[in-house]
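Look at the two complexes coming up: subunit A is in both, with subunit B in one and subunit C in the other.
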Partner chain A sequence: MNKKVSERLQIFAMLAPNLVLFFFLSIYPVVWCFRYIFFQYGGLASGDPIYIGLGNFKRLFTNDPVFIIALKNTFIYAIGKVGGVLPLAFFSAMMLNRKNLKGSGFLRATLFMPTIMSAAVMGLVFYLLFNVYNGEVNKYLLLLGMKTPVNWLGTKNAMLTVIIIGIWGGLGNYMIYFLAGLQGVPQELYESADLDGVNAIQRIWYVTLPMLGPVLKMIMMLAIVIAFQDITTIMVLTEGGPVNATMTLFLYAYQFFFPISPGSVVTTQFGYGATVSLVSSVIVGIVTIIYLVVSRKLDNLY
Partner chain B sequence: MKKVFCFAIVVVLVALVVAGFSGVSAEEKTKLTIWSMSRADLSFIDPIIKEYNETNMDGIELVLEIYTDNFFQAVDVAAATGGPDIIDLPNTLSVFTNYVGQGYYIPIDQFMTEEDKALWGDYRIEGITAYKGDLYYFPTVATTGRLIYNQDIFDRVGIENPPTTLSEMVADAKLITEKLSGEGIYGFAANFKSPTGALLRSMDFMIELSGGPCQGFDFAKGQYDYSFYTPFVEAYREMFTQGIAFPGCESLDIDPLRTQFAAGKIGMYISWSHAEPGVYATQFPTDINWNGATIPLIDGHEKASQSVIGYHGYLITKDCKDPEKAWKAINDVFYNPEYIAAYQEAGLGVIMNPIISATAGTPALLEGKEAFLMGPTDILWPAVPHEVNSQAVLVEGENMYNTIMGLILGNADIDKTLADLTDRYNAAYQKGIEQGLGEPIQIENFNPAAPAN
Partner chain C sequence: MKRRHSFFSIFFNVLGWLIIGVLILFTVYPVIYALLGSLKTNAELTLGGAIFPKDPQWKNYVKAFIDSNFITYSKNSLLISLGTMIVACFTSSLTGYIFARHEFPGKRLLISLYGAMMFVSIGSVALYPIKLFLQKFSLDNTLLALILVLTGSQITNVFLVMGFVKGIPKELDEAAILDGCNIFSIYYRIILPLIRPIVGVVALFTFRNTWNDYITTLIMTMSNKSLTTLTVAVVQLKYSVFAAAEWHIMLAGASLAIIPVLLLYVFTNKQFISGLTAGAVKG
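Coming up: the complex of A and B.
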């Protein structure tokens, strides 16, 4: 009995540093923020919070066109990014997993590089690449025979551009996950598949993907959750504009707490911002749960 | 041996006493901390403060602490938990308005002499420098909007003078783009990446100078009214959707815009009077021949006045150890006309007070660019309700700048959208009054040419 107690104590003692930090730095701020959903409150310098009941929710659901736009944009962005980055990362990992590939270390490092770059720097660099008046991308397109430069960051194309940047920024990360998963697939399975005379597509479909099942499930879940929360690059590149074309849920919530850029004037609305955050989190939570239910099959693929 | 030991002890004791006394005399000085955001002015101000600390007979020691972007958060925390003795007001009015209602600053009327009143008497403006009638600071320098133009481009296409009306501006921009867009030169540009940043420095001043409301608030009616903005939106929509303006303005930040202007690719744009001369002298040096002019009027209106943002005012906080000494130091150093004149002559800011301005020389930076100095139509306007307390006007849906940006780039019905904007602002304003956060503002016989009188 005593041994059991001391073992438990040991476990809790080891968990304690993490739990304490997690509670104070993750759980507490979330609770602190969400308690303002029933209040009109502008932060430290704005006087006492005013209780307004469900006023923030009423405003959100009946009188906030930007929230609806941000909701739509978030889904477009998440579907675009996840749909683009996962197949690309998977095939890059497949290529780099080949034993006989020369320079695979160099290629891995190159593909992984965007992951370690600051998202804010990425935003600035991509502004230089994509801007319409002297951006490098347009220079090459014009050289290739395009007649008029593309307004990559204009109202129509801005979302496509931030998705491209999102894919570029996430590729290396997911490639490493896939690579780790692929290296756990026993070589014998491929050998016996080869003996059965499978082609390349059958090899992937009947051997690789089923063996990756549980890993794939986690990678997709991570990709979905991260895509919903991506705001840094968008914040630097377009600030959610032009005219809300790239405004996403979490960026929209963020701007009620902090100014997006030093020049922008913001009226802090902690209460309303907390409400937007809560509803956004619930939406991401629902999407994740739906995904987990739908993807249960992935665990038992083989 | 004993004697030597005694002598040594006496020497040590005497030394300690002397050191102690000199320590006391140093400690007698009242240390007053000033928080400021003006890193760029440090090399100018530092020697002045040093000299003041060494020479003043009042036992005052000023300590200047420079903050960068964290200034606003620092003041936020200071107002709640205690902070500096003096705050140097940057060109963001909320540093004053957010905290004055909570009693964080000390009124200065009690310290002012007749002489001070004669010099600064005109600067008691409710919501800007004063709160409930009490005066808190005087802004020493000011900034407002100016039209920035490339004279070389004007010469090439045959434009003699910078435009004075909105329709002239659109016509000039069109002419430049028609003739020179083949070379990548366009008539007009705006930093629309941040609609607030872009329209605050252009549209607001244009509307005020034409006798319209201030940020949408009509002081005479005591209500918001955006109907005045229609011709502005129409003109901008023409420029920004019909290929007249520089391409990509919707994602353009002010610095990339400036680099393109410095490269001679932009005919005109509108920006802050305090910033551009310095930018093209040091940040983006350029060979182009450029200048500034008064911003254009909306067609068919008489010239009234445009508001200025006054800054470098010195606020004494309630945490100040000795407010009287703080006032003495501020008055001797920063409100000293000689200091203010030298500040302008060093090219660091433009003086707002005409009495002091008359005694100061034009800085080398503004030789031939006198339009950047403050003129008779550059005046402090009273604060609009959302400036007095932004929490008292919580607008549901898009704010005025984002709404107008959407109108310029989109194709929604202008009058209908502006009417809706008016309704939303008035609803928020009324709600703020009902909640007791805001107070009704209405000025009888309001004259936009002399808004503060």
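Coming up: the complex of A and C.
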């Protein structure tokens, strides 16, 4: 019995360091946010929190055009990024998955390189690259015969630019996931498919993709969830602008608490900001669940 | 069975490698631009021209180091990244080991709570209550608090270690118990040496994450700039009054922030890549 107690104590002592961080850094903030969704609260300077019931939700769903814009933008960004990055990553993985291919390791390592870069620092570099007048991208485009410089960071193109950078950052990452999945496809299947005389596209469609099924599902889910939460690049590159053109849900919630850039003015609205961030995370959850249900339905069809 | 090399298969092959070439260029170009641009003059950068600097301006780095106080920020970056790395390895390996090997009341609930929190994300908003809480105890603005907040709850790494420990034969633990080892000494003497590969992955990923982190460090050091890291300081150059005339300094700063991780990556890219798949695709 005594031994049991001492064992329990040891177990608890060994868990404690991580447990403290887990409760303080993961659980506590969520609980804090939950508490304030029913309040109007602007911080210590603006007096005590006022209980307003479901007022924050009412404002969010009926009286907040920026939230709707952010919601739309988040979906555009996520669809654009996932839709761009996954096919390219799959393609790269297919090309680099050949046996006895010299230099394949080097090519993989090169394509994976953006994954280790700071999104914020590279956001700054891209900010210079995509600059309207002095940026290299426009200089090359003008050399290639474009008539007027493209305003990459203007209202019309900012979202496209952010998506391109998102693809830049994610390509290698998803390629590695695909490569890991491709390792699991038995070589014999390809051999027997070859005996049947299928062409390259049939090989991919009838052998690779079905065999990749579960991994593909995982990768898609990961890509969607991550894309919904990317805010660093946007924060550095466009600050959500111009005029909310690249404002996404999590960035929108953020600016109720902290300034996006040193110059921007925040009117802190913790109650409303908490509501926005909780609703945003619920939306991500719902999208994930819908995705899981739909992909299971599709499985049953086969 | 040899596959026929028809005209089409050669055509698609060439096209395929062409696309890979474009993707490689797309991947590498921004980094090359930053590294080479850091040695150009501001005029060379803004007016455009050759890819390589005419006359390497090493003084850009001198200027960044001295005028923009980057010596301090580099030291901070290194100290904070190493600190986070050590705490992360320690906390995640302990918890991963306990989760994999020992029973205690509430274990299943706790593990599912960890799993659930992987998907519940309220974003950077979480930093506000954390900061407020630390303020109450005057712990904000301290190096220790910054390191702990950046370490975070390590959920993914805990599961990574847990999976790895489960792959180690239990007989080893049992033999150690017979030899009189207690729970901690099993961890320390038996498990820890065996899980070194996965702890290495945790270390690598945590170091990179902390070194590259922007938002958390920015918020946590808002009122104490002396703890700011390279990454945050570099991005802040964008908001300087002289930003338009200081592209060369911005790129020198960006290169200072990039080069250490790039060097680390040159030597450890295999571990980075295998670490990524160890965590993700198995589940």
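We take it that the second predicted complex is superposed on the first by the 266 of 302 C-alpha atoms of A that agree within 3 Å, B and C clash if a C-alpha of one lies under 4 Å from a C-alpha of the other, contacts with A are read in each partner's own complex, and residues count from 1 in each chain.
Following the convention adopted for this analysis, a contact is a pair of C-beta atoms (placed from the backbone, for glycine too) under 8 Å apart; a residue touches a chain by one contact, two chains touch by 3 or more.
From a predicted model like this one, the values you see are computed outputs, not experimental measurements.
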Q) Putting subunit B and subunit C onto subunit A via the overlay, clash or fit? A) clash
(Q) Let me test your reading of the model: by the given contact rule, A:N97 touches which partner, first (subunit B), second (subunit C), both or neither? (A) neither
Q: Scan A:Q269 for contacts with subunit B and subunit C and give back first, second, both or neither.
A: first
Q: Specify the partner with more touching residues on subunit A, choosing between subunit B and subunit C.
A: C
Q: Tell me which partner A:P242 touches in the superposition: subunit B (first), subunit C (second), both or neither.
A: first
**Q.** Partner chain in contact with A:I11 - subunit B first, subunit C second, else both or neither
**A.** second
Q. Between subunit B (first) and subunit C (second), which does A:Y127 come into contact with in this model arrangement: first, second, both, or neither?
A. both
Q. Can A:M117 be said to touch subunit B (first), subunit C (second), both, or neither?
A. second
Q: Check whether A:N151 is in contact with subunit B, with subunit C, with both or with neither, and answer first, second, both or neither.
A: first
Q: Identify the partner contact of A:G42: answer first if only subunit B is touched, second if only subunit C is, both if each is, neither if none is.
A: first
Q. So which bit of subunit C gets in the way of subunit B here: 93-101, 237-245 or 273-281?
A. 237-245
Q. Touching subunit B and also subunit C: which subunit A residues?
A. 127, 261-263
**Q.** Residues of subunit B defined as touching subunit A within the complex
**A.** 69, 76-77, 79-80, 98-99, 101-102, 184, 192-197, 200, 246-248, 250-254, 256, 260, 265, 386, 390-391, 393-394, 396-399, 402, 405-406, 409-410, 435, 437
(Q) Show me the residue ranges of subunit C that touch subunit A in the complex, using the header's touch definition. (A) 1, 3, 9, 12, 16-17, 19-20, 23-24, 26-28, 30-31, 33-34, 37, 45-48, 87, 90-92, 94-95, 97-98, 102, 104, 113-114, 117, 119-130, 133, 148-149, 151-155, 158, 182-184, 187, 208, 211-215, 219, 222, 231-232, 234-239, 247, 250-251, 254, 257-258, 261-262, 264-265, 269, 272-273, 276-277, 280-281, 283
(Q) Using the touch definition from the top, list the residues of subunit A that touch subunit B in their complex. (A) 40, 42-47, 50, 59, 63-66, 127, 131-133, 149, 151, 153-155, 158, 237-239, 241-244, 260-265, 267, 269, 272
Q | Of all residues in subunit A, those that touch subunit C in their complex | A | 6-8, 10-12, 14-15, 17-19, 21-22, 24-30, 32-33, 88, 91-92, 95-96, 107-129, 134, 136, 139, 168, 171-173, 176-177, 179-181, 191, 194-195, 200, 215, 218, 222, 225, 229, 231-232, 235-236, 250, 253-254, 256-258, 261-263, 270, 273-274, 277-278, 280-281, 284-285, 288
